[in-house]
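One structure, as structure tokens, below. Some questions next.
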Amino acid sequence: MGKFKTDLDTRARVLAEALPYIQDFHGEKIVIKFGGSIMENSDLKQSVAEDIVLLQYIGLKPLVVHGGGKAIGSTLKKMGIDSRFIEGQRVTDAETMEVVEMVLAGRVNKDIVEKINRAGARAIGLSGKDGQMLQAVPLKNCSKVEVDLGQVGEVEKVNPLPLELLEENYYVPVIAPIGVDRSGVTYNMNADYVAGSLAASLTARRLIFLTDVPGIIADGELLSSLDASGVEDLISREIIAGGMVPKATAGCQALEGGVEKTHIIDGSRPHSLLLELLTDQGIGTQIVDESRTYER
Amino acid sequence: MGKFKTDLDTRARVLAEALPYIQDFHGEKIVIKFGGSIMENSDLKQSVAEDIVLLQYIGLKPLVVHGGGKAIGSTLKKMGIDSRFIEGQRVTDAETMEVVEMVLAGRVNKDIVEKINRAGARAIGLSGKDGQMLQAVPLKNCSKVEVDLGQVGEVEKVNPLPLELLEENYYVPVIAPIGVDRSGVTYNMNADYVAGSLAASLTARRLIFLTDVPGIIADGELLSSLDASGVEDLISREIIAGGMVPKATAGCQALEGGVEKTHIIDGSRPHSLLLELLTDQGIGTQIVDESRTYER
Amino acid sequence: MGKFKTDLDTRARVLAEALPYIQDFHGEKIVIKFGGSIMENSDLKQSVAEDIVLLQYIGLKPLVVHGGGKAIGSTLKKMGIDSRFIEGQRVTDAETMEVVEMVLAGRVNKDIVEKINRAGARAIGLSGKDGQMLQAVPLKNCSKVEVDLGQVGEVEKVNPLPLELLEENYYVPVIAPIGVDRSGVTYNMNADYVAGSLAASLTARRLIFLTDVPGIIADGELLSSLDASGVEDLISREIIAGGMVPKATAGCQALEGGVEKTHIIDGSRPHSLLLELLTDQGIGTQIVDESRTYER
Amino acid sequence: MGKFKTDLDTRARVLAEALPYIQDFHGEKIVIKFGGSIMENSDLKQSVAEDIVLLQYIGLKPLVVHGGGKAIGSTLKKMGIDSRFIEGQRVTDAETMEVVEMVLAGRVNKDIVEKINRAGARAIGLSGKDGQMLQAVPLKNCSKVEVDLGQVGEVEKVNPLPLELLEENYYVPVIAPIGVDRSGVTYNMNADYVAGSLAASLTARRLIFLTDVPGIIADGELLSSLDASGVEDLISREIIAGGMVPKATAGCQALEGGVEKTHIIDGSRPHSLLLELLTDQGIGTQIVDESRTYER
Amino acid sequence: MGKFKTDLDTRARVLAEALPYIQDFHGEKIVIKFGGSIMENSDLKQSVAEDIVLLQYIGLKPLVVHGGGKAIGSTLKKMGIDSRFIEGQRVTDAETMEVVEMVLAGRVNKDIVEKINRAGARAIGLSGKDGQMLQAVPLKNCSKVEVDLGQVGEVEKVNPLPLELLEENYYVPVIAPIGVDRSGVTYNMNADYVAGSLAASLTARRLIFLTDVPGIIADGELLSSLDASGVEDLISREIIAGGMVPKATAGCQALEGGVEKTHIIDGSRPHSLLLELLTDQGIGTQIVDESRTYER
Amino acid sequence: MGKFKTDLDTRARVLAEALPYIQDFHGEKIVIKFGGSIMENSDLKQSVAEDIVLLQYIGLKPLVVHGGGKAIGSTLKKMGIDSRFIEGQRVTDAETMEVVEMVLAGRVNKDIVEKINRAGARAIGLSGKDGQMLQAVPLKNCSKVEVDLGQVGEVEKVNPLPLELLEENYYVPVIAPIGVDRSGVTYNMNADYVAGSLAASLTARRLIFLTDVPGIIADGELLSSLDASGVEDLISREIIAGGMVPKATAGCQALEGGVEKTHIIDGSRPHSLLLELLTDQGIGTQIVDESRTYER
């Protein structure tokens, strides 16, 4: 009986804490980048899909962006096409691009769509070609060595109208990071940066990266919050490194574009999206704008 | 660290359980009858007011009905007016009626309004005279002895338009149980029955009685759910007795009028409204319609 | 037959004169302060209520403000509470305030509501607590002697939203002059000034004080029109004195707030509201803005 | 002073009597047939135009129908065209028809339009050809002798859409009684019957014939009210005769089509329209539906 | 078979060329001045009416302006009224004005209305008196000799509201060039200038003059395009002369008022309106704004 | 000059003939199945894309359905996966299905989207998984031999909401014939039948199959029109055979579902869509409903 009472009190406290967030997020857009093990683990993917449906239940308008490097690699291999990587980027010739597009827009995208639909929402999968949503240019070469990455691109301009139309009508857009230029050339793009561009372009309230780690870790400790200058500093000290660099950088760019906060969280923890958005303390790392006052 | 993890899992579970209810109740009306110790305890009243604001945050449209027997009694006493009670009803002559109206519509009502406003919502207090909302007739005499209760009345017809106008515009109506007939005579009415009539007339989703007890108790055990025939049986066996009779009866009438469920809960338990509405197991007694299938 | 013809011509002339006013006032708000003998005479009150309904018939949006000094006095007396007056103001301690609120918001207010409803309109009675409509501060002490008037207040800010909602939906708001501050303290306020603040806040077209005298009288003659400097002059010469001072002062403040004209008329003359608003010559005193051109 | 007071009381009484009618007629359509001396007397025509503007001020939607026999006659004479009349109908050959159309649609119509515009409203003059509003067929021969009246027609079908469009937008339509059949043949029609057809087709609230006489007179006395069987009886007894027959007959037909009342009044009396519509006793003859209960 | 194929290719090419124009003109207003032989030839008038209906089919909003000099002349003659002309203008005394108005607004106007209606659209004929649409002043005397032209006027101000109302509701307005001043005096106006004023006032996309000649011809050659300075030059050299002067001048004024292009075309050529608006090369003379870039 | 005149007359005639069709089709949906050589010929595909844009210009709402057998075959070959065909159907195991989905939804679909976008419209490509648009069941085995075709399916139910949303907002949906059942299994479906199901489900006005042949040919002659019984007869006589069977059958099914006509035309002829829809005689075979009256 004592235990029961405690339990009720906890429930009451959790609910009373969450309801103001629920009000606050009502009708707001959030961009969720799928990454890490949830891309390979079908049960995990289904479980995140269910959380997306729960978020839609309480009035949020989620949008999903995904990559798909592993699936691309295995298909290329089956087709006997070799890939060369320069500084982490896959050199993408026309034949490779065709496979990248097929795998991302035709298979990975539709698999996520199907899982969200099965969880009870209504997802629609698009690539950046649809409605000319992601206009691309070749990736500017930031390397010291002269390299030709082929059809590797970056976002030049987002046309948010198709996404706004879908979100207003309670569809969950699922976006493959494929871009196109004015002459019709297709581009392979980094999904983290695409997520950041979309979040800024839609003025999403939050941008959330689902990863395999608890957040940004320095000296063995999870950083619960940092700002753009903190991110810059940690990148220069190579504490933020590897695949975390585009996430942290895109997160800062999204903030400049009007997004309130970027979150980097462990997508494999059950209900990680709910915990990060609806509790006072959150679970991962949030990147905030130092010049801005947060109510919470 | 282990404790922390447990805590996060609990939070995640509570939230995942609550969100479907939150969606389900979005935009729905609920009628809440204030009673028992919350009427006398200012802190408790303020705390219930805060829960009402939380419910409004997640899209519910709450409406409050209140009585005020104790406050009436003490004012009558100060004015040197004696009251006679017949079978629990205060015999209400013209002089008494004037005091009843003043106390209910002028003081108790405005006190609740002020507390809800202070908690962050926008409350508006009305009596049944406003907008001719509660049209009354003298209470039908159900007693064996011939008695004249004076201006004691019951609801003949509810005009829900002013309430719908307020609710659509996100005001919380607070209603004093004063009625009026066509010739302008004022009536004192039982607040439990008024709550039931309003719930039916507005086709509220739920009717909730806040009391001082955990619910309906039989043989020392809280009954978590019963239906109209169960209520009838318990009244005939005088297990439901005293002030619980009008609550249970009005609760059944509300169900006939289209209300989904009536709840009788302990208003003095913290966040009792949230626990009853947003968790699977609830905390008090619910009265349900046996002929109806409930999803949950 | 001759008489009949004359009569028809008079009728025709009255109607032809009134119709342009009727057009001009269509959809406009007017604030009517109830005062004087109509507060004590039930038939007179009913008759003014009927004129309010007629005004609503032709498209005006009336709002009523009332005081209730006599009813407060008699209830305080019944409860054995003495009142002290300083310069015409009732010293209002917590116990007195409770009675003032009960009487104004619970009895006088609902009585006017009921009379307007019976005349065929739809009235809704509110106090300044409802929707936090009248935010109050303690009355600034303008006296030479240091006095503590207790919970006597004045309007700091009006929240007109609830009134606009009611008026747009063809309800007649009836307002008791009770205010509240942010910490929830209740204030007793002068109804004339409340009427002026409401008229300005709603940008009512006209503010009308119903009194027991034909208007402002100087040297035994009714002044049909004067402006703010005229009012100031007459107050300094104590020709405007006593209860006429707050009316004239509030009337000038309303003009500053955008109200077109203030009228002080004899509410006991049959159809005084119609005569003042719908005929060329009017019946009482109007206060006008000297810097403004009136079409008529 | 006594006189003044009486005058105020009369004004008050006239206004209080008129306001309920004003409310009752708000937004309602009335069809006014111009006839008799107002067609020849420019001042009288201007004065009726001013009353039409007053009616529009208080929310009525007036529509004017006119004839123009005298103006047609004088133009035909100037052009040296003779007219033959059979039982009061002008035999209308093609040459005559051309003149009838020119005079009615081009001169009489535009003159009324100009007068209403000058009085302050916005009139638009149309003939039955505009928007194919009045579809006509040759007048059925009711005579005993075989006669060919030429292009004399009657209304087969009204297309009310252009009129509803104009009235919704606060224009006063002014209609010349010219019809057209499917092959494009033009017809001369009786303006009284056209007024009746338009009133029925628009479900106007009232149909008013402005004439030179006080109404229908029997045995030297003005009949203030009669019904269809009364009309029939008076026609058979030739008490209703000459130009009053089409008015009374069209008035009965309008009632069958849903019009509430038809009025036949003396258009030369000042403000006759106001007196008939806004006073209890009226001034002329009203034709009512015996099977219908009138509130007044 | 070869011939058939050729034919299909031509059709395909004509359609592919026309569709972008059809899109471009969707919902746009065009003002069409009827003139020349189509005013005298009933079949030609019917055929132009049919093209107007086709234009309405594809979403254009046509408005027709007409004159009627020959019909006025013949009626004046029948009535034995002589006309004097000064520099091409008919001296218009009151008696003449009455005939001009009757013929234009009562006969010519209604004849065009009837033809458009018969072709399948919904036309409504108005004069400038209707809705006080064409406010006029006496024509400024540009002559060297002092002359009094009587009631000859020019447009002072256009009130486009009635026309916009009709066009939004898919009626085709047909306008007689009759104006009125504030004191109610009627004016006879040049239809070409009225067409130009209406086109500018409605910001029509195009103004089209239907004439009897292929366009503006210089040195025996049709000029396909010229601008305002070209027009001025040709007028000064009297290459543009006679009835072409008001067309070209009004066309330039329309351009200043925001009209995109003015066209002067041969209205007697079958489907001339379609050819001018929906093909690349057009058929007549277009007057364009030199300071403006045209997409085509 | 003569030639020029003839040319203008032809143009005028083609336009006058086309405009009524343009009106008639305004706002109507048409479903266009891409097939045959336009799938392999990039210039031809671009040219059809341009016609689709022209149709959208004049108010039609086109929707494109495509297959992609050749592209699937070549990718399977590259990946070393063999296909077995039973009665023209590709046996589709899980590995094959993954390739089919990738190629259709990821490559062929996006290529058509890109071409329509480049031509000036706004296309959005979807598969039947998006918004659960095409709910599928395994294809019922109509063969005499027991065969297992694997994941070959047919449409069980269409959810038209996402398509209606896109069409209302002027997007051109491009649909890959991939279906999904409730448990998430993916199906490969015949694009002709999918086109028929979509046309019926959207109540498209027309269903058009773009092929490589002029239409249905019997005895060396193009049949310009036939009905369902004609189709049945020709199938039984094997005059309609091979790939024409599903087109003709799906066309008949669309008619049953409310589509007005099905067209089978040669997509390689320039502007074939325009010629079939906007000229009296058309170019291919139309399947009509014998029980229906066609205006044309």
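Some points to look at:
Order as written gives the chain letters A, B, C, D, E and F; numbering starts at 1 within each chain.
Here is the rule we go by: a residue touches a chain if its C-beta (ideal position, glycine included) is under 8 Å from a C-beta of that chain, and two chains touch if they have at least 3 such contacts.
Just so you know, these numbers come straight off a predicted model, no measurement behind them.
Looking at subunit B and subunit C, no chain is in contact with each of them. Taking shared numbers over all numbers used, the subunit C to subunit D interface scores over half, which places it in the same class. Centroid distances from subunit A, each centroid being the mean of CA atoms, peak for D. Subunit E has its Cα centroid 36 Å from the Cα centroid of subunit D. For the pair subunit A and subunit E, the distance between C-alpha centroids works out to 61 Å. Residue positions of subunit C in touch with at least two other chains are not found. Beginning with subunit A and heading toward subunit F, the contact ring passes through the chains as A, F, E, D, C, B. The part of subunit D that touches subunit E in the complex is made up of residues 75, 78-80, 98, 101-107, 109-110, 113-115, 117-118, 122-127, 129-132, 162, 165-166, 169, 171, 178, 180, 184, 186. Within the complex formed with subunit E, the residues of subunit F that make contact are 8-16, 18-20, 22-23, 26, 51, 54-55, 57-59, 269-271, 274-275, 278-279, 283.
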